[in-house]
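The structures come next, written out as structure tokens.
Below, chain A partners chain B and then partners chain C, in two separate complexes.
Now for the complex of A and B:
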């Protein structure tokens, strides 16, 4: 049923021009079937064209619309108004930008800085194995791929890094660690030792305390903590 | 595929955690295991505080009259209750540590099952300790008890050693896990032993004569080194998690290490020179 809701949005805003931060209230009546990205667009159109936020695919595939809603990091494009009211049991929502990177304006953060940490974990095959002598291609059995295919759904939305018990400045982050571990599990990867060095560094797995907030908040429902535990277990084949 | 065990265990935990004011916010937004992780840290800090107090108090054994005078202050029902309550963070920290090790090293992902056992065993331990304190005059040979505890602890440590030693290059982290395995039985065992006869634990002569046994000296040495290593690693870990300024982080770690050296000195003096 398409019920209408009167929402109060308390949005954390930031202006880089005068380095000012404040919380601005918006009240609007919306359909329960709208997503929060639609609600923000409606604010832009009807109340405040200056409110800055980001989104790209709006299908929970790019991770650019991550924000904190009533304390929980999530994707705004995935959050229906109706579901949000049910889940948080309120029609008042506090929207904050992620703190995994500096805020550029309002709900927009400098994701390039957050991605720097992912790049340090080398999210690519460093040293790919060549084809076997007896065939043309390196084949991966489905049973083997089952061990890590779930982790390949990660979109680097940084919700896990936001929720993590360790601060992002000192930890590469659950998504970055998983990006490393998934390639450790990949039979094509030969540079296992280099990957182990990344995991064993001071900003690596030692900063993971299995608080499992990463798994709890992951919008893609990946059990991130499970993969990080595999990294600690050394189960790499 | 797509089995996110943290999300699947949500309702069980939330029923308990939602009843606790101040905690339910984190349980809803970060998950129940996040709250448990913070409880692990807080219980660790309480135990570190008690450890320092314990070492400072025991260092008074060098002057037995002073020690007994201090003990006479602590020999009240209120302090007995505090000592009993100390069992809660101790057994929680120990058993939750087991849960983490089962998760991280033994692929045990059934959080509900593990928390059920954590609660049951913890409750049983606290009940047993309370019973011993209430009965008040049980005795057991210190040597026999110490040998049993040491054998069990070394077996647990050895078992974990062969499981984790070749998994990662971070030696300090592995030592933290191994000291955890060693202390898992030693510390709850030590607490039970000391409360078999509560009054005897406050008599300087009895403690000094027990510490004169070479076997007990070895056991206490291993315990003091393990507990200080485990505590300082935990504290350094908290610093490394939250202090982002390099210089401040370095200064705090150096200060902490100096502090630890002092308490290690106290512990070693206590182990080898009091008797």
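Now for the complex of A and C:
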């Protein structure tokens, strides 16, 4: 199975030394079985070691390599060349950094700043319900967990926040809201009132316009909009 | 410090955690539960601790439920000891196994969503090597959160750290440890987003930087697993232990190396060679495809070496096939959707109609920074380095000896995290203040980074990194022998020479990814050389360390390997005894903890 393709990558670059931004073209021949992270590594190896991009686990479990490809926010590690050519019906790809946080260099953004919004939604158990007895686990029916565990699969890649029609300045973001809502559904959390405050704050759920772009782009295929809808309907216990 | 490389900031903390993964943050949270006023900074190379590698672990955590009428902690201790090929430390095994259940409950209470059964209690699954009655029937001992247990653990300790106001320093590198009067007083960090160097002075410093998988060409490990913590201590003249014990998982997906879990073979998946022959029958007539990890990895490697592998023309990588086409739609779609999904997502094939290309992939380091049962870093077998601790995959206590059992690594992270946290909380009561900046601080960082920035030459650092990974895979991989390892040492020396001549594109410090990669390359070279030197000296086969020229385990090597780096870059070796207290203390089960033959 040999599926080589000649690609043109138009990469949005930024250099902080002189505050310069430009688009640079790279052309290379690659196997259709490479992922975009492999392609960028190949560029580093063969053409331009200075092109900055980032990744970590490279199998869609950490959400470090999010970027915008031909207008779509996605994880570069999941995008197989072969499938990208089929999906976008082209061999030319425009790669841009996310805009949910300031760019540090080329495709690397200061994701820690975007994380601050998730932190504001308190992604921890504020007031935990203790276990029933010494040495015993808290009993939770699996049917009960089915209502919310799906939302705990979120890896904070910020693709949903990128696609959201509300901007980060106004709205904490779909992932941050979901982190709050999931703990309203979780029987281990007792601080439901404080959770409600986060939900109804000025940068809370009122900023969601139910465009559902979040569910559409989520690489973990989480129906984010469904959880936000539960929050809106107040169906949380 | 030279002009370009200056410490821009000095900050004081009670505790500095180098590596904010599952182990480092469990430690931090434990300290705070004992001493809430403690100030802690936790450093990570990724953009949030939540993205640390712990988050990718799938299968589960071993812990004996006291309510279980069949299983007992002593069986778990036995499985761990036998699995380690009799080279784990028994005092450590006992500490970890005895505290497993209590720590599972801690995680559950702090938010982890362990999968429940119909009674609302934890579901359990079985894994290879987990038995009842000292090698009897399979034990159902692994607790899990679906196929994302590591994420559950990571999210829990990350969120608890956040709640308790640990300061996260992200996208940064620990570059150098600092010492005064024979104790560790903190470290130097390179904060890549700002392009600045920060000195953190702390009463206690914890190294929890994770694994070294990037030393090999195909690995399940993340890009940041470049063995930084190991290189950090080696540069300070401190030892590392058992680095030659590298675990290969038999079935990594070609070419990204992503883990294709044992569960696929558990459900009936079969390994085939190029002639479509189910070859495991030859190597393990009884257990076949479900034999232990190291045995299956060696069998696959043998098929490939003897010309019965397949070479992928796109990636130029030899492999065998995993056939799961015959598994039911239910298995593909409902039981193991994430894992079967990996094949279509990452290499674009349909495992219901296509054969899946797999080969051994580097998964885990059993070795690490030598610590005692409290996680205190050792300068030598009988002397600790005050103020310095290590925990998690970067530490070696040793819980795994020369072969780790599935589900025992996650267990080590949070049980030892608790132990180390308690120890540090005690130490803080009497620990001296680190004092001001030491006279000669950050000299090593300065020398390293100035060297990187000043070097001129056209060699490409990614080409060198790839060449290194190739050398290690071919010459010090699943099988090892004297000749190939001697060649590997020469090849690594040459790559070291080339590395010094790599000129960087930009001399800026701000988010210069190439500079980070350059630092990691040095660490990879140091760690690779230490692995080979240890493996060459160990003239026996033990657990994951398999010598073609010395196929048997030998009593002459019934000890841990200590490795020290000298000023001139050479590696010298020493020894540490293996604790056998469960055996020596006698009692009913002492016989199960002697030097057992490892047969399955």
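Quick notes
One rule holds for everything that comes next: the second predicted complex is superposed on the first by the 231 of 237 C-alpha atoms of A that agree within 3 Å, B and C clash if a C-alpha of one lies under 4 Å from a C-alpha of the other, contacts with A are read in each partner's own complex, and residues count from 1 in each chain.
Convention: contacts are C-beta pairs under 8 Å (C-beta built on N, C-alpha and C of every residue); 3 or more make two chains touch, one makes a residue touch a chain.
Small disclaimer: the values here were computed from a predicted structure and weren't measured.
Overlaying the two complexes via chain A leaves chain B and chain C side by side, clear of any clash. Using the contact criterion defined above for the overlaid structures, shared-chain residue A:223 touches chain B, although it does not reach chain C. Of the two partner chains, chain B is the only one touched by A:206; chain C is not. Taking chain A as the reference, the larger set of touched residues comes from C, when chain B and chain C are compared. After overlaying the two complexes on the shared chain, residue contacts for A:149 are found with chain B and with chain C alike.
Once the two complexes are laid over each other on the shared chain, residue contacts for A:35 go to chain C alone; chain B is not touched.
Within the superposed three-chain model, A:196 lies in touch with chain B and out of touch with chain C [touch as defined at top]. In the superposed model, A:48 lies in contact with chain C only, and not with chain B. Within the superposed three-chain model, A:138 lies in touch with chain C and out of touch with chain B [touch as defined at top]. No C-alpha atom of chain B lies closer than 9 Å to any C-alpha atom of chain C in the overlay. 149 are the residues of chain A that lie in the contact sets of both chain B and chain C, per the superposition on chain A. Within the complex formed with chain A, the residues of chain C that make contact are 46-48, 50-51, 53, 55-56, 66-67, 101-102, 104-105, 108-111, 113-122, 146, 148, 151-152, 155, 159-160, 162-163, 168, 170-171, 193, 222-224, 255-256, 258, 312-315, 342, 345-348, 460-463, 466, 504-506, 508, 510-514, 517. Within the complex formed with chain C, the chain A residues making contact are 1-4, 15-17, 31-33, 35, 38, 41, 44-46, 48-50, 52-64, 78, 80, 82-83, 104-105, 108, 110-112, 115, 119, 122-126, 128, 130-131, 135-142, 145, 149, 152-153, 155-156, 186, 188.
For chain B in complex with chain A, the touching residues are 1-7, 10, 25, 28-31, 33-34, 36-38, 40, 100, 103-105, 107, 109, 166-170, 172-173, 237, 240-244. The part of chain A that touches chain B in the complex is made up of residues 70-72, 146, 149-150, 163, 165-167, 169-171, 196-197, 199-200, 202, 204-207, 209-213, 215-218, 221-223, 225-226, 229, 232-235.
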